[in-house]
Amino acid sequence: MNLGQGSTVEDFAVLGKPVSSPANSILSIGRRAYIRCGTIIYSGTTIGSDFTTGDYAKIREGNTIGNNVSIGSNTILERDSIIGNDVRIHSNCFIPEHTRIEDSVWIGPCAIMTNVLHPPCLIFKSTDLQTRPRCLKGPILHRGAVVGAGAIILPGVEIGERALLGAGAVVRSDVPAEAVVAGSPARQVGTIRALICPPGYYAKGEIYTWRK
Amino acid sequence: MNLGQGSTVEDFAVLGKPVSSPANSILSIGRRAYIRCGTIIYSGTTIGSDFTTGDYAKIREGNTIGNNVSIGSNTILERDSIIGNDVRIHSNCFIPEHTRIEDSVWIGPCAIMTNVLHPPCLIFKSTDLQTRPRCLKGPILHRGAVVGAGAIILPGVEIGERALLGAGAVVRSDVPAEAVVAGSPARQVGTIRALICPPGYYAKGEIYTWRK
Amino acid sequence: MNLGQGSTVEDFAVLGKPVSSPANSILSIGRRAYIRCGTIIYSGTTIGSDFTTGDYAKIREGNTIGNNVSIGSNTILERDSIIGNDVRIHSNCFIPEHTRIEDSVWIGPCAIMTNVLHPPCLIFKSTDLQTRPRCLKGPILHRGAVVGAGAIILPGVEIGERALLGAGAVVRSDVPAEAVVAGSPARQVGTIRALICPPGYYAKGEIYTWRK
C-alpha cells in the first residue's frame, strides 16, 4: 500500500484489504489523507490527495478517485467506479459498481444509486470486468450535479451538469443540465436559475451558478 | 458457539455476543461461512452453510437462517426472524423482528421493513416472545420476491411469489404474486410477465420466470 | 471524560474522540449508560442518565442529550443538536447539525433529516457556531412527535406535538400538532384522533393520546 505524506489513520481502520482478483492489486492513497475510525478500503483502488472519510466508510476495489474527495460515515462505495475531483459524498450513501461521478458533484446523506435493471438476473450474476453484461450500468453524474438527501437513482440514468435532485426524489429517467427534479417518480419542477435564496444571500438565479 | 469447518472470520468481528434471554442460547453457524470485518452476530441465532456477511453487518438473537444466505454491509437483522435458503439481502437494509423471508428472495440495498403499526405503542413496548401483541407483525416475503433499492414495506404486508417492488416503492398493502409495484404509495404497474430486457438477453415475459 | 456509575462499554467503542474546536471540550455521560460495540462519541457532548446506543452508533461534538435516550445502531447524530428526555432514535437514521428534538419523540429506522436548503452553498461551507448562516436550520420535532421509517424531513421544518409522519413521507412543510401526514411530498391524511387500532387494544381516538 502507498499512503501519502501527512496522512492520518484512526483506530480500527483496515487499509489494503485483500481482494481475490487481480491478486497483485495495491491500494494507493495520496497526500494528506484523513481516514476516520473503522474505515475499510480494499486493495486495487487509487485515490488522489486530500482524501477524507467519515467513520466506518467502506470503499471496495477497482475505484479511481480524484483529489479533494470526501466519503462520509457508513457510506459504501462498491467496485470499479470513477470519481472526479472535489466530490463530496455524504453519510449513509450507497454507490454501486460502475458509477461515474464527475468533478464537483455533491451527494447528500442516504442517497442510493443502482446499476441493475432486473436483479438478480442470471446474466448479471456471472459478470466480471471482461464480460460485463450490457444491462449493468451505474448512473452518470455530470459535473456539479447535486443529489438531495435520500434520493434514489435508477440504473444508467444520467444526471446533467449542475442539475439538482430534490430530497427523496426517485429518478427513473435522465435529468437535463440545470434542471430541478423532485417526487416519486421524479419530475422536473424547475431549473436552478429560478431558485430563490430565502435569506437573501444570492439574487434569484444566482444559486448554484457559481458551481464549476 | 459452533462455527462450521472452512469458515473465515475477519478483523473486529464479534460472534456470539451475549443476550440476556434466554441466557443459555448459543450461536450456530454452518460450514464455509465468510464473516467480514466488524460483523456482529448475537447468541441464540442458527445459520446454515455457505453464509456470508458484508463488513459491519449486524444480526441479533433468535433468528433462523437457511443455507447460502448473504447479509450485506451495514445491514441490520433484528431478532426472531425466519429466513429461507438462497436469500440475498444487500447492504444498508433494515429487517425488523418477526419478519419471514422465504427461499430465493432478493432484497436490494437500503430496503426498509417495519413491524409496528403505531409505534411506540405501550403494548408493543411490553412485548416478549410469549405474549407478543397481535399488532406486531413483520412483513412476509414469499419465494422469489424481489425488493428494489430503498423500498419500504409496512407492517404485516405480504409480498407474493416472484413479485417485484420497484426502487423506492412504499408498500402499504399486500402485493399479488408476480405483480410489479412502484411509487409512493406503491400501486401495481404491471406483472413480471410483461417486463422487457432492453439488451435482449431474454424475450418478453421471460425475465424472472427462471426464479424458483 | 466523565462516565457515570453503572455504565457498560462494549468492544471497539471510541469515547471522547478528540475534536479540533474547542480544544478543551470534554464528553460527559450520566449514570447507567449502555454503549454498544463500535459506538463512537466525540468530545464536547453532554448526555444524561440511562443512555443507550446500538452497535456502531455515531455521535459528534456539541450535542446536549437528556435522560433516558436511545440512539440506534449505525445512526449518525451530527454536531450541535439538542435532544430532550425519553427520546428514541432507531437504527440507520441521519440527524444533521442544529436539529432540535423535544421530549418523548420517537423516530423510526432509516429516518433522514436535513438542514441546508441549497447545498453545497459557499456560505454554508464557511459556517461555524459564531457566524452561522441564516439558511442553516435543522428540523424541530416537538414533544411526542412520531417519525415513521424512512421518512425525510426538509430543512427547518417543524413537526407539531404528537404529529405522526408516515413511513417514507417526504415532509417539505410544517406539520400541525396531532396531524398524520404521508406521501411524497407529504400531505395531511388525517389526525391521530381518527386512527384505529386493528387488534382492538385501544378505542378509536385513543392511540397516541397517552403520549406526553
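Details
For clarity, chains are labelled A, B and C in written order, and residue numbers in each chain start from 1.
Criterion: a contact is a pair of C-beta atoms (placed from the backbone, for glycine too) under 8 Å apart; a residue touches a chain by one contact, two chains touch by 3 or more.
Just so it is clear, the model here is predicted, and its values are computed rather than measured.
Think of chain B turning onto chain C: fitted on CA atoms, that turn is 120 degrees, to the nearest 5.
The pairing of chain A with chain C is characterised as different-residue: of all residue numbers used at this interface, under half are used by both copies. For this pair, chain A with chain C, the centres built from the Cα atoms lie 26 Å apart. In chain B, the residues that touch at least two other chains are 12, 38, 56, 74, 92, 110, 150, 170, 184.
By the touch criterion stated above, chain B contacts chain A in their complex at residues 11-12, 37-38, 55-56, 73-74, 88, 91-92, 106, 108-110, 146, 148-150, 167-168, 170, 182-184, 195, 197-199, 201, 207-208, 210. The part of chain C that touches chain A in the complex is made up of residues 12, 14, 17, 38, 40, 56, 58, 74, 76, 92, 94, 96, 110, 112, 114, 117-123, 133-135, 150, 152, 154, 170, 184-185.
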